[in-house]
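To keep things clear, I will list the structure first and then write my remarks on it.
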């Protein structure tokens, strides 16, 4: 789950990481009011779950409250990577002497949290990683011990080798960043940039925090941070039924059980000359209701020209899926042709159910995909 | 550092371990008042830093408030192992269906905290350990992971294999006992007995908690629990100067640098037919002031008939010790003969200082001890 | 022959009385798996289906029945602890089916398992099956067939798809291992490759990967350096939208974006042939095994 | 020859600019120890006594100077962390002089050191000296003499007393190791016995124990089973009041009260001769070495 910058900053604040003040506005008037309270220059930043916000024009400096209003007018309602900006964060502009990068991530290769720091902050850190990897310093955290003080200190002294005061501030921030990560159940946490002000203070100017979805059950306060409005509505609907849905650009609507098979199905659509309209995993134990929801979501997408079901019954029972399809078509007008491939657990019953309802079912994946692609072209 | 039962119970309460109510009285009237508020039978227990409290008569049942007053009258002021009882804990008497034992200790052999549980509680657990060791169950805690839930559960099911309800309560208590140990910086923590009431509830009826002295600097709230009144006053005084003093039964007052050498010196006193009056370690970096305090404590003990200094100068400078002796004898009337053995760092200067002040100094440990023992016999 | 588990493996089921646990225990027993014990704290002393003794703790189950492998079906919030309990009780092979375990929990649990010298498969995986011998997990028994192909996969149903294609083509399997799709898992592709290389009953290996991470790339290098047996790969996710899972931050560490394209290229560079479709797998396998 | 450290050992001092650290660094340098670096966070780039480079971290010190041993003089509240830092930086031998470290911290630190393959001596110990070669810690250089006796002790000044008695009697030492008096320490009697057994320059070993715990008893069994070289023991605390340290709870676990009497008996039962007084040690040593 993604949370907004202003939410991540609130978590930072609770953990004692120095963060400049800031307030959220949903209207230009609010932005002006906040800016006039802060006085002086402010920065207005789109709160949206998409990268490349700056390049897209979602971050603007304003030298006074009037300008802040204008900036907010431009940013609010803007679309960034398909998501509409509904909130902006207004913060006082900071004097910046230096920008560094601090981050932590679960590194699957080592099975460990890895802390990263670079004196080249503020810019695209991936570029630093690609071009000058020696400017990115790392500390791997042994989960048995947690982050040890000497590791935080070591990383901090690599950032600021000749400045003990900043190194000590950084060590403290690193320690608190790691604590924030653990407490929030994050799989990724970043401060970019971590600035040094002209007077030598370190501050977190931007904040990013991705929460491991598996943590949400036990992290109630974090789960409440979900901003449903800022997410695609079909994805929200899918999640509410335990489905995973991601919208894509094609026209073959896919409904598959299992993420791996879903991806392989999409690949096969492409292989046979089609374009998948979505990724949709109905998961393991699929009830008829899930299938109904899945079909509702797929048919609501106007670009879908053909629907493809691909089910390999293991835990998933093919008859459940067949019942779901029949049920759904009683409630919804599909409007586009449907191709159904089912094999595995209770395959025979499923075929019977479908044929009784006037559908035909296939057992070969390639054949089914080919047909669905063809149907989308007509 | 030892803390009292009522203090340990307060720590238990803070961690959610079920503990019966209880209040501390310092006078029989207070005990009566507390008992009458509780109503019904109470138990009155001496709060004193000594084992074998029960056998010594320091724990009494009282069926009403009047009896509680009488019990407190008998217990308050009582001497148990040389320590005067100044406080009693008054608690409602509990109905007891079963008594178990729970404890945790730092096990030096394995370098780990070991949790112990036995269904044979309430009695002398050492006896259980000696006679029926198979009735004591253990879980070793890997410090890298802390106590894992399955360990607490496993230990709990060993205590109550046929009673899931009690096992679950016990697992929860074990978990909280370990947390109490870590939070308090304890080297030993015990619940003996952990009772089961007639209605099947578990409760901690007695509580014991020894704090690692090295934790006191960072555990300020725990350090405040020290009950100076209940400790031997010379030991308190010694500690305030960074010395370690333990009163013994003999007549040769010993002042040594280093615990091992101090013990070896005491052993040698015994070997040559004497009896040490105390253990006194003046520690590593001994200033003259420490030596003055040491001599004040030793001379305040009326059973001391001869004083023995044994100093092997390493970090300790012999001249510092010599200066301390000279300084002390200017302020205090020793009243008994003093034998001084010094060797190592700055030995020559020390001998000079002592001789200038009219003392003689030896370099051989055996000779010095022999002489000190002899002087005590005269 | 097989890897990790065979007909002699004695299995304890953690969470045997739960909905999934009881269903799949029966499935495993039907397949022939030696289910010697179940564990549900508080139900010690009872029997599952009047047959399998239930214990309060894994330790007790191991002591009483000599179980040397465990399959875990407990809910996500208890699963990491169940893994640790199994390892702590001396169980050599721990197969965790449960999905939804927080990754931070798995960082500790995988360390714990390693510190105790056990092997963990999963979590969030279909488990493993050694056709004709034993099944630990949920892979449907009817789609497999005893034979010379070792199968390793990060996926669930995609594995079934590939295995079913193999079986239909007459290519049976020595063992099929679903290593799980979570970011942090107990047994890697390389662990399985090594085991298959040393397993005399295995003639070739199928490796089913996905986008994300660098496990496939590492496996490819391993194949080139250490494997004498042919390996055929498949990678799902060529059309998957980038940046939806771990984002790019993973790339800062690994220097890899983990795309399907990158993985397929690395496979080919290291002598691992790649099937473009699951259905293509049997043909390529036959080719590499005969050539 | 010597054990654990010799004239080639390259030493970094953690806490070199502190009161104790600077004093003893000079003492070590005077004795001939190769002090190649010091560490004080925030003082990196400076020099100690215009001679020894100071670094912010141990890692940097190791990288820049090739230090392979560390001596720690930092205050107790930083000491466990300093131990971990040294181990994490690849230092093979870590000698921690600092006293007053909470035992719960040491439970983690000793594990950490083991997980990183380093050796920790101490904490709360005088360190070690290999006469004529090197000194890591605070054992006075003037009381030792090169020779064939290995010395191991839980104590500080008592060690000096015994070593001085040996030196005066013409019995020089190969290495003297103060393992420390805390309940949880890095290197045990047995570790040292094993090293002395394998050290060609050592002819006999002196083992100085104390009341409390079962380390001496374990050492005695080890001597009987594994040592060809004679070992002479001493145990301080025959007259110490019982129950003042760990109380009796330790006995529930170990089944031992850890009294001096018990230890002396166990020594004798296992063929370890025991000196009743420190001054007796040279005579007994001469006897066992010649007989």
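Read from first to last, the chains carry the letters A, B, C and D; within each, the first residue is number 1.
One rule holds for everything that comes next: a contact is a pair of C-beta atoms (placed from the backbone, for glycine too) under 8 Å apart; a residue touches a chain by one contact, two chains touch by 3 or more.
Predicted model only: the values in this text are computed from it and were never measured.
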Contact-richer chain pair [B-D vs A-D]: B-D
Distance between chain centroids, defined by C-alpha means - subunit C, subunit D (Å): 48
Centroid spacing, where centroids are CA-atom means, of subunit A and subunit C in whole angstrom: 28
Gap in Å, rounded to a whole number, between the CA centres of subunit D and subunit A: 54
Touching two or more other chains - residues of subunit A: 142, 144-145
Overlap residues in subunit D, where contacts from two or more other chains coincide: 108, 112, 115
Category of the chain touch graph - line, ring, star, complete, other: other
Contacting chain pairs - touch in the sense defined above: A-B, A-C, A-D, B-C, B-D
Sites on subunit A touched by subunit D in the complex: 142, 144-145, 148-151, 153-154, 157, 161-162, 164, 167-168
Residues of subunit A defined as touching subunit B within the complex: 144-145
Complex contacts: residues of subunit B adjacent to subunit D: 51, 103, 105-109, 111-114, 116, 125-126, 129-130, 133, 136, 138, 142-144, 182, 185, 187-188, 190, 210, 212, 214-215, 217-218, 246, 248, 256-261, 263-264, 266-271, 276, 279, 284, 312-316, 343-345, 364-366
Residue numbers on subunit D that touch subunit A, as the complex places them: 41-45, 56-60, 81-82, 84-85, 88, 108, 112, 115
Subunit A contact footprint on subunit C (complex, rising order): 76-77, 99-104, 106-108, 110-112, 115, 126, 138-140, 143, 153-161, 164, 181, 183-184, 208, 210-215, 218, 234, 236-241, 243-244, 246-255, 260, 276-279
